[in-house]
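The block underneath contains the structure these notes are about, expressed in structure tokens.
To keep things simple, chains are lettered A, B, C and D as they appear, and every chain counts its residues starting from 1.
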Amino acid sequence: MLEIRWHGRGGQGAVTSVELLALSAIEEEKYAQGFPSFGPERRGAPVTAFNRVDDKQIKIRSGIYHPDVVVVLDESLVGLVDVAEGLKPTGILLVNTTKTLAELKKNIRFEGRIATCDGTGIAWKELGVPITNTTMLGALVKLTGAVKLESLDSPLKERFGRIAPKNQAAAKRAYEEVRIISQGSK
Amino acid sequence: MTEKKWPETWQEVNPGCMVFRPGSAKEYHTGSWRAKRPIWDNAKCIKCGVCYIYCPEGCVTENADGFFEANLDYCKGCGICAHECWPVAIKMVNEEE
Amino acid sequence: MNTATKNPKNVIENFDLYAPKLVSKEEFFVGGHRACQGCGEALAIRLMCKALGKDTVITNATGCMEVISSLYPTTAWNLPWIHVAFPNAAAVGSGVEAGLKALRRKGKIADRRVKSVAIGGDGGTMDIGFQALSGAMERCHDMLYVCFDNEAYMNTGIQRSSGTPFLASTTTAPAGKKIPGNQVWKKNLPEIMVAHNVAYVATATPSYPIDFMNKVKKARQIKGPSYIHCFVTCPTGWRSTSETCIKLGRLALETGLFPLYEVEDGKYRLTVEVPEKRRPIQDYLKGQGRFRHLTPDQIQVIQERVDIEWETLMIKVEHSRSKESLRARRSR
Amino acid sequence: MGKRVGMEVAIASAEAAALCRFDVAAVYPITPQSHVAEHLSDIVADGRVDASFITVESEHSALSAAMGSEATGARTVTATSSQGLLYMSEVLPITSAMRLPIVMLIANRAVSGPINIWNDHSDIMPMRDTGWISFFADNGQEVVDMTIQAFKVGEDRRVMLPVNVNMDGFQLTHMVEPIIMPDQEEVDHFLPAYVPYAALHPDNIVSMGTLGMPEIYAEAQKAKDVALVNSIKVVREVWKEWEAQFGRKYEPIQTYRTEDAEIALVTMGSMGETAEIAVDELRKQGVKAGLLKIKLWRPFPFDDLKKVVKGIKVLAVTDRACSFGGPGGPVFSEIRSALYDTPKRPKIVNYLIGLGGRDVQVENFMDMVRRAAKGKLSEPYEFYGVRG
């Protein structure tokens, strides 16, 4: 079972990301959960959201404390919150940033694999707005193989209608551009 | 819908205590509440019906001759009809009279 | 003697002499109910039902009328009737309307209009049911709400409500040695309903039965929310004699305390003329035990308030009239 | 045979109500029920169901309006949570007493104070004696299935009672997960059109909500209780029919690995599946653990309970609400009372867990079982994991 934690700010669409990923997985006849952290945070506040994806039925309904993957939608959160908290040593930390490993390492205590993607840059170019949730979904899919890239299509269409192609393009571009910048010490 | 007037057992209580006999309050005669009863002097009556319209029990009815009378099964003896009758055709008298 | 007899001329103008005879003889609220002798509210309900006719569903708030009319296994109602609780007649009535509308639209019931009418006392309307009433009126259901205002919680034993008049003695605002009865002025609910932009708002009393029934009929026709505030005598609570039930309502009008008017699309109109020279409020107060403790000074305070309220209403009526004539002139 | 979709459970519950072709919805929004309210209104606004949506001004009015519409014979749905359910509390027992089969979707949430929007069962528990049938769902699939079943059970002439479907707030309502949504034709086949016992209409005059004098009131209460107690037969029947048509089995108490169990957890609601994992883990360690999941809370399935506890030596009952100053949590006191007469009753301990959204993990359930097996708790009931 793959467990994912998303970090974003209220209004950036972290909840939409988890929903889209869950729907894509379910479309592939997999089992999945997508759920927000049920806090009182409003627009702008740091928020988290979660996914579970598995080939078997998922029974567990408690929180996710040791994710396999952490996705950070907003680089300003790095250093502000402990984005790597509980992340499995074998896991991946995916950050929307153009920063170098050295720069990131100043604020992140994680010895495992780290990947980056210029989600904001891609979102500006493809969507015209700095909303990175669908973009980073593409990067996540590449790194984890949680679902096939094409499986995002129908949930994106359902969700975004007319502007779905732009979101698909953004996801695809992130899928192609995401880079693992550190293989970690293990 | 058939139903027993008075439910002897819990089984006979209608679901939800619904009542399917509209106007069945008529079974209860409020006439016994009365201390005085209205008497019409039809010689003075102008058949206007003010007694009919003002009766809280709806027990004043028009007879075949167009005069009015109270159904004493329901008349509580409030005296409104006598009080409101313009030509003073109605008088309240003690029940025992 | 009743006041009508004293001023036959004035009354005849407002009360067509033989009109009562023409009123439908069908009773939808029948005798055998357990209301007090001379109950103004029971009378008002009887008249209201006559005006509504058979295609009506009544929702009744908890209160005297529900208690006295529905002792299982009997009912005084010849109309479909539902009672749920004290504060929610307007909400239940709005559900009745929504249900009937949906079922009619879907062809599940006969294709004809059945009016949802919710009723409650002053407590069930102006106090505990106020929120539900506001909601139902604001949502623009096709329903009529009639408040039967006898100015206190009579069902539970004459406790003060927001409909209780200034200085009236009630069991929770008694005329004590230090505090002479209810200390605040009565809430003006019809005005609050006007502020809801309700299509039709009217005041009424069974003392003017034809006026009341005409208003009910008018409200019934309106395809939307309407509100009637019906002022009813409670001989028990007011400590007045049973036979003066009608007279007190008439005096309330003749003193200008409770004028009968209607507000259609925001326009005010008096429906029953008030004598040029209004009677002094004392005439209304004196027959009622709840005001027996009042001093002349206190009566004067009430008189001044009645005068102000009357003048305020007259300004609205005048304003509506001039608006009308302005509109008429413009359209010409 | 239905379609497997990914859907948020709150939305799925509204979709299930739509499959039942409700005539009227009267709903007031409250966290975490709000997605149910919103989606019901979406369905009506899009014309997917020909219905009226009443945007009531409070929960009290939500249930009141629902009663009004149900009384006209309109199939009516409402939904609420927490404070909203408590605000409805005046109307709840009247709904059942007047035998109006409204279906209510409840997103279970803690009751103030302190104010808390997260999940537990402190909203429904104080309402347990109001005469409603109460279903508890473990997952989104059960929420959907139970919503449809609720109309059929409630509207059955042998029942005529309102039904509430309890889904844990957030844990279920805000969860996107796979659900098999039945087709419209399947639901139409399963659920007949609503033919009310009586309806407010001038063509057939009825008085509803009459006054019950002391000579009537007790008989009326007895009649209501018997109706609720007997409804379990209809619940079983409807669940059998459901299984036959949809292949998903429902029982008042669902057991998990209890055949040879010596110690069993008892859960109600969404924590049941997490507890299953704990049972599996304990089994791997040689502990003969099992699990009872209560799906039907009212009428309480006494016979089922007696049957399934046979051979079990210890019951670790979890409660999601506190009965302050009482003998323990409501589920616990119910179970203990139910088994009082049985000759070989298990030892029963009580943990109050997951209060106000406190997370309960697999390891916690394992710990509860281990400690219950060892012997007495320090208190008659334990606020599990509470600091201090």
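Just so it is clear, contacts are C-beta pairs under 8 Å (C-beta built on N, C-alpha and C of every residue); 3 or more make two chains touch, one makes a residue touch a chain.
Predicted model only: the values in this text are computed from it and were never measured.
Of all chain pairs, which one counts the most C-beta contacts?
Per-pair contact counts point to C-D as the maximum.
How many angstrom lie between the centres of chain A and chain D, each centre taken as the mean Cα position?
Those two chain centres are 35 Å apart.
Take the average of all CA coordinates in chain A, do the same for chain B, and state the distance between these two points in whole angstrom.
Taking the average C-alpha coordinate of chain A and of chain B, the gap between them is 79 Å.
Using mean CA coordinates as chain centres, what's the chain A-chain C distance in Å?
Once rounded, the distance between the two centres reads 64 Å.
Rounded to a whole Å, what is the gap between the Cα centroids of chain B and chain C?
Taking the average C-alpha coordinate of chain B and of chain C, the gap between them is 23 Å.
Could you list which residues of chain B touch at least two other chains?
Residues 7, 13, 17, 19, 22.
Give the residues of chain D touching no fewer than two other chains, as numbers and ranges.
98, 205-210, 212, 216, 220
For this entry, which pairs of chains touch?
Every touching chain pair, ordered by label, is A-D, B-C, B-D, C-D.
For a test of understanding, state which residues of chain B touch chain D in their complex under the given definition.
Counting only chain B, the residues touching chain D are 1, 7, 9-11, 13, 15-20, 22.
Which of the residues in chain A end up touching chain D in this complex?
That would be residues 18-19, 22-23, 25-27, 29, 31-36, 38, 40, 58-63, 65, 155 of chain A.
List the residues on chain D that touch chain C in their complex, please.
Touching chain C: residues 23-24, 26, 50-52, 54-58, 60-62, 64-74, 76, 90-91, 94, 98, 199-203, 205-213, 216, 220 of chain D.
Show which residues of chain C lie in contact with chain B when the two form their complex.
Interface residues on chain C, with respect to chain B: 2, 4-5, 8, 17-18, 20-21, 23, 25, 27, 29-35, 37-40, 42-43, 46-47, 69-79, 206, 209, 241-247.
Note which residues of chain D are touching chain A in the complex, please.
Answer in residue numbers: 4-6, 8, 32, 117-118, 170-171, 174-178, 270-271, 273-274, 276-277, 357, 359-362.
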